[in-house]
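Some structures to go through are shown next.
Two complexes are shown next, each including chain A; its partner changes from chain B in the first to chain C in the second.
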Partner chain A sequence: MKRPLKRSNAPIFWALFGAGGMLSALFGPMLVFITGLAIPLGLLLPADTLSYSRVLAFVQHWIGKGFVFAVIALFLWHAAHRIFHSLHDIGIHAGVGAKLLCYGLALVGTVIAGYTLLAIGF
Partner chain B sequence: MAEQPKTIEIEVLRYHPEKDKTPHTQVFEVPFTDDMSVLQGVQYIKDYLDGSLSFRWSCRMAICGSCGMMINGIPSLSCQTFLRDYYPARVRVEALAHFPIERDLVIGMEGFIEKLESIQPYIIPKEPRTPAQGEYLQTPEQLAKYEQFSSCINCLLCYAACPQFGLNPGFIGPAATALLHRYNVDSRDGAQAERMELINSEEGVFNCTAVGYCSEVCPKHVDPANAVNQNKTNSAADYFLRFLSPKGGAK
Partner chain C sequence: MNKRRPYVRPMDGWWRKNPYFVEYMIHEATALFVAAYAAVLLIGLLRLAQGEAAWTAWLATLQGGWAILFHLLALVAISYHTYTWFKIMPRTMPPVIVGGKKLAGWVITAGGLAAAAAASLALLALVWGMAR
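The block that comes next holds the complex of A and B.
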C-alpha cells in the first residue's frame, strides 16, 4: 500500500512564520515600548528620537532599511500564518480563499514595505 | 468495618449503527468501591445492567492501549481513570473523539492502521546483515535518542486530543509521527529518506499547529509533539537544502 505523496509547500510559510516569531519575540516588546510608551509619554529617550529627520536618516542607511523591512515583512508573515491557522477557532473553515487573503495581505505588505524603503533612497 | 455502599451515575454514549440514526446517551446507576476504574464501571454495566454495551479492553493495566475513551471530555485510558475521582458527580463516557464510531464506545481504527503501515514501523537495515556478523551494538546515547518514542501503545488518545487531526483525518498524526521518528533516529535503521517522503508530504508534519495536547494526554509519557516538531525542522531543512544534495531529495 503506497499512496502517491505530494510534497507540501508549507516549509516556506513555516520558515517565514518561524523567523517572524523569533523576531517579534526579540524586538516586538521593545518596539511597542519605544513607539507606544516611551516617545508619546516622554520617558527615558530624548524627545527627538523619532523625529522626521532622524527616522529618515535611519531608513536611508542600508542597515536601517534592512531592519525596518525585516520587522514589517516578517511580522506580517508571522501574523498571516497564525491568523490562518486560528480561523477555525472562530468558526471559519479555512479554505483556499482564506489562505489567499491571509498570505496575500502579507505579500502585499511586504511589497509595499520593500518598494517604499527603496523609494526613500540611500 | 464495611464501607458504605456508594453508587455513581455513568452517562454512556450509545450508538448502534443498524438501529440508531445518531448517537445518544444513556445513564446507568453503578455501585462502586474506591478501587474501581471507569473501565470496571462500564464492565459492571455490561455484566449486570445492559449486556449490549460494546467497548474494547484487555489488560486493565495501561499496557495494551485498548480502552481509550473520552471521560468527561478528556481522552483517557479508562483502566487508569478512577470513579472515585468523579463521585458524587456523574461521569460521562464517550467514544474517542475524531474517529468514526463502530458501535457504542468502539471506534473504527482502519485509518490509523493504514498510517501505521505506511510509516514502516520496523528497522530497515542500512545493508543486509547475516547472523554471523553478530548483534548490533548501540551506545546509551544512541538508545536515548529513540527510547521514549518506542513506548507508544497505539491507544490513540493523542489523535482524540489533536484538533488538527479532527479537521483533517488525512494528517499522519501524533502517534504515527512519533513512531516514524523512533525508527528514523535509530542507529540501526537506514530508511530515513523513504520515511521523510511522508513527513514532507501534505499529510505530514506541517498539519500540526503545535497545540501540544497530544503529549499531555499520552499515558506512556511519549512526547509526540516533540517528534513532530523535530521533523518540522528536518522537513524544512530537506525542503530548502534538497537542491544542494546530489540526489535531489524526495519529490
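The block that comes next holds the complex of A and C.
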C-alpha cells in the first residue's frame, strides 16, 4: 500500500479528554462540594456566597469567564470521550453514530456555554 | 443456503468476573457524574444569563432533596475519579527521568494527589475570601 497515512483525529479528542480529566481531578470534588452541598445546605460558606450580583461580576471578569468555560467544556469533553470508549466494554458496538452523539453533545454544550458567557458580557 | 454459525463466546458481564475490571468499570462510570455535573453548571449559567429571578430559582432547586442526593453521589464519584486519575497517571504519562533514574510511580501518584488537595484548598479559600 502506497497510500499516505491518514491523519487521525484521535489526538485532539484524547487531549481534550486528558485536559478535562486533569481539571476535574484537581477541582471537581471541591466544586461539587461548594456549589452542590456547602451553599445549598448552608455549610461553612456564607449563604449569599453565590448571590446574583457576585456570580455575575465573577462571570463578567475574563478570568471567571475562562474558568467557567474551561470547567463546563472540558468536563463535557472528558466525559464524552470516556463514555464513548466504554460503550464497547458494555457490549454496544460504538460506530459513527455513537461517536457523533457523544462528541456532538460535548460540542453543543461547549457552544452553548461559550455563547452564553459572551452574551453575559464583560 | 445455510448460514455459518460460528461459536461466539458470550461477553455479557465479562468485567464482573475479575475485581480488576470491576474497578475499571467503576472508574470509567465516574464520567457519567462528571457529565451530569457539567450539565448542572451549564443550566446554572443559562439561568444566570436570564436574570436575577431565574438565578435565585436555580439556587433554590439546588436545595431540593434530589439535588442534594445527586451532589453527594457526584462528590463520591468525582473524588474517586481524582484518586484513580492520579493512581493510573504513572502509566498514562511519559516516563519522567530525574537524575538519570525513572521517577517511581508512587511519587507521581502522591504528587498528583497533593496537587489536587492544594488546588481544592486554594479554590475553597478563594471562594471564602470573595464571599466575605
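Methods note: the second predicted complex is superposed on the first by the 117 of 122 C-alpha atoms of A that agree within 3 Å, B and C clash if a C-alpha of one lies under 4 Å from a C-alpha of the other, contacts with A are read in each partner's own complex, and residues count from 1 in each chain.
The criterion applied here is as follows: contacts are C-beta pairs under 8 Å (C-beta built on N, C-alpha and C of every residue); 3 or more make two chains touch, one makes a residue touch a chain.
In this text the structure is predicted, and so the values were computed from the model without any measurement.
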{"item": "Partner chain in contact with A:32 - chain B first, chain C second, else both or neither", "value": "second"}
{"item": "Contacts of A:96 with chain B and chain C, given as first, second, both or neither", "value": "neither"}
{"item": "More chain A residues in contact [chain B versus chain C]", "value": "C"}
{"item": "Touching partner for A:63 - first (chain B), second (chain C), both, neither", "value": "neither"}
{"item": "Which superposed partner A:10 touches (first chain B, second chain C, both, neither)", "value": "first"}
{"item": "First, second, both or neither for A:88, with chain B first and chain C second", "value": "first"}
{"item": "Chain C-contacting residues of chain A that also contact chain B", "value": "85"}
{"item": "Residue numbers on chain A that touch chain B, as the complex places them", "value": "1-3, 5-8, 10-12, 14-15, 85, 88"}
{"item": "Complex contact set, residues of chain C against chain A", "value": "11-12, 15, 25, 28-29, 31-32, 34-35, 37-42, 44-46, 48-49, 52, 55-56, 59, 62-63, 67-68, 70-72, 74-75, 78-79, 81-82, 85-86, 92, 112, 115-116, 119-120, 123-124, 127-128, 130-132"}
{"item": "Complex interface listing, chain A residues touching chain C", "value": "18, 20-22, 24-37, 39-41, 44-46, 48-50, 52, 54-56, 58-59, 68, 71-72, 75-76, 78-80, 82-83, 85-86, 89, 91, 109, 112-113, 116-117, 119-120"}
{"item": "Contacting residues of chain B [partner chain A, same complex]", "value": "114, 117-118, 163, 167, 197-198, 200-204, 206, 209, 232, 235-236, 239-240, 250-251"}
